[in-house]
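Common to both upcoming complexes is subunit A, partnered first by subunit B, then by subunit C.
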Partner chain A sequence: MDKILGLITKEIHGFNKTLDTPINLDKGKESVLFGRDSNLQSIDFVSLIASIEQAVSDEYGKELSLVDARAMSQKNSPFRTVGSLAEYINEILKED
Partner chain B sequence: MYIDFFLDRFRAKPNQEAMIWQDKIYTYGEFLAYVENDVATLRQKISGGKVVGLEADFSPRAVSLLLALIGLNCIIVPLTANLGEKRKEYKETARVEIVISVKDDDTYTIQETGKKNSYELIDQLRHKNHPGLIIFTSGSTGKGKAAVHDFLPLLEKFKTERKPSRMIAFLLFDHISGINTALYAFAGKCLLTVKTRSADAVCQAIERYKVNILPVSPSFLNLILLSESYKKYDMSSLKLVTYGTEPMLKSSLLRFCEIFPNVKIRQMYGLSETGIICAKSKSSDSLWIKIGGEDIKTRVMDGLLEIKTNTVMLGYLNAPSPFTEDGWFKTEDEVLVDGEYYRILGRRSEMINVGGQKVFPVEVESVIQEMEGVEDVSVSGEANQMLGNVVKARVKLTANETASDFKNRMRTFCKGKLEAYKIPQKVELVDHLMIGERLKKMRR
Partner chain C sequence: MSNRIVLITGTRKGIGEELAKYYLAKGDIVIGCSRSVPEWKTSAQENYKHFQADVNDEKSVKPIFSYIRRTHGRLDALINNAGIASMNHSILTPMQSAERVLGTNTLGTFLFCREAAKVMKNHKSGRIVNFATVATPLKLEGEAIYAASKAAIVSLTQILAREYADFGITVNAVGPTPIKTDLIRGVPLEKMERLLARQAIRRYGVYEDVFNVVDFFLREQSDFITGQVIYLGGV
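Moving on, here comes the complex of A and B:
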């Protein structure tokens, strides 16, 4: 989990340099990513997720698609916080 | 014969140069002998109205055979070797009845295929005793569409004799612009053929033979800029560069104008279906063009360009009609309009719909191409659950950089130059140039 969290945080750090309003990472796992209370535009969100997908698949050698029907149908969006995204990725990676 | 006006010209100016092939100059006098010979030989074996595949590239024999087949009212299907596997598919689709193959030593063979072509469009030409031309659209996706032309309207403009100048036969012989180039050899211009269509070979030929006109594809202009071959050779003879067949990157055009301030750069507008149409660029460094002239009408419907002209094809052999009920040809090119000027944005089929917003690959490529360390870039769409589609850039870099680092650098660079939704959300690094066999950008 920590490794995945590290990957996500690293991608957001790099990505933040390209944003007018960077994602605030002060709250660690609880840092808000996308949804209520987030300043992230949907187009930037999609771009960030693509970067994270790339980073995860480079590290674990497995192609994954994070924004799919399954993610959309979760009771709680996996994209709420940095921590919930890490958990969601962890779940997908454990599956096979 | 419908080619008599060419032959009269040959007789009147036997010493004028028509072609330089493998370092030898061929004059109109020599061409007259070639064509008369070929007409006499072919007449014994091929009757008018036959559908003839001409497997050849630019050579004296190839262009002579082209002329002879027009003279005999045949329907010609030009096919070059670089079609590879597609050549067989095209011959099947066009129901080629006879194949003429021109060999490397410029001799040729004739072979009957045993097939019979009885397409309605072909029969129309036969009834009128008109020569025809079948050109395949080099669609990047799916099967090539076979566009059938009546050859007579296409010959019309060559009745005017042009000022002598040397022109490189760069565009492919089986492309509508290649056939256009070939016929220019008989309208006063001298055609110079090159063995390979590499940037270096072309620039070298320009120096060696003092070439004046270079008709190319925008992708090839990029190759010339990237290879810097123009620095190795004396390019001062060059007067005019024409480009067409795909949209030009604004950044490349400006760069080219800067390097060649004395060269006129002209955009052409032509499709396999319409023939080459006169266009006039607003200026050398402008992407805005005025299309048309007396016999060409244009209009824009739903953002797409439609054309009415006498050089338009009769129809496709293997695809639904692209004509409107009132006879306009639907180009499928998305355009912007400014008074009487158009700017071609790209094929609607290549347009990427990102959350309801339109993105054209060429606009994005043009910005990314300006970045430090980018050698080549190709942009396409990729399905996405959230936005319908996202923009994906495949990039070849000159130095080592991770995809993630490059992507962040690219996002910063593109900010303010492109709307947010146009900045590629996905980036893939590749290790090859993305220019295909047909010297056009590959986007899939």
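Moving on, here comes the complex of A and C:
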């Protein structure tokens, strides 16, 4: 989990340089990525999710899609916070 | 020598094979795919990498993009050429054929656009060229599913052009007239002639006609050209 969290935060740090209003990571796992309290534009969200997907895939040498039907239909979106995303990725990596 | 990284689908034969050879001869690095392994070779074979993959199968498509990212770190152009036709009266078209045509042409194109955009956005530049057909604007009887699958590609092209504009990626399509490949081998001559008669310029298309349009879309200066479909032959 810590490794995944590390990957996510690293991607966000890089990504923040391109944003007018960077994602605030002060709250650690609870830092909001997407949802009501987020000021991330949807195009930036798309871009960030794709970068994290690539980073995870490269690190674990495994093909994965973060945006699958399951993610899009989960009541508590896995993309809400840094922590929920890490958990979601962890779950996907455990499969098959 | 241009050394672009160009991904072309459906390179085993037909237009895809010729496109691969054409860009290899220009000095580009070409990555290709098809369900079976191609038999052709060129003098620039070391710049060609083939993947045996069905464009409609996400599991076998994803490794192509991981390979591109790992080996080249970027993708300059995607040419979504792979396609199949089902030329039959709709009443005689089994659901299985309809699904295969839509799966290969429409969903395959969608999947490659999506995955390519993820790689291209990292460099804020890229070119995507999709394959439409004159069967759509000419509303050809006997090609309902094929023309519909390609009409969907026109929609995808226009909308993805907008979605990907912020990433510096252009998305356009070329719509060939009949070109003598296996794709149209089964179509009766008399039907072909009626079709050619509906073009402004009444001849078969040749590979060079397609290269010309694709080249135009790929040009560096074409970064203000997106969401367009260019039909050959004046259709």
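One rule holds in what follows: the second predicted complex is superposed on the first by the 96 of 96 C-alpha atoms of A that agree within 3 Å, B and C clash if a C-alpha of one lies under 4 Å from a C-alpha of the other, contacts with A are read in each partner's own complex, and residues count from 1 in each chain.
Methods note: a residue touches a chain if its C-beta (ideal position, glycine included) is under 8 Å from a C-beta of that chain, and two chains touch if they have at least 3 such contacts.
Just so you know, these numbers come straight off a predicted model, no measurement behind them.
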Which superposed partner A:N90 touches (first subunit B, second subunit C, both, neither): neither
Which of subunit B and subunit C A:N76 touches, first, second, both or neither: neither
Touching partner for A:T21 - first (subunit B), second (subunit C), both, neither: neither
Chain touching more of subunit A, residue-wise (subunit B, subunit C): B
Subunit B versus subunit C as contact partner of A:I43, first or second or both or neither: both
Which superposed partner A:E11 touches (first subunit B, second subunit C, both, neither): first
Touched partner set for A:S57, first subunit B, second subunit C, both or neither: second
Residues of subunit A at both interfaces, subunit B in one complex, subunit C in the other: 43, 47, 50-51, 54, 65
Interface residues, subunit B side, partner subunit A - complex: 354-355, 384-387, 390, 403-405, 407-408, 411-412, 415, 420-421, 423-427
Partner subunit C, residues of subunit A touching it in the complex: 43, 47, 50-51, 53-54, 57-58, 63, 65
In the complex with subunit A, residue positions of subunit C that touch it: 58-59, 62-63, 66, 69-70, 117-119, 121-122, 166-167
Touching residues on subunit A, where the partner in the complex is subunit B: 11, 14-15, 17-18, 41-47, 50-51, 54-55, 65, 67-69, 71-72
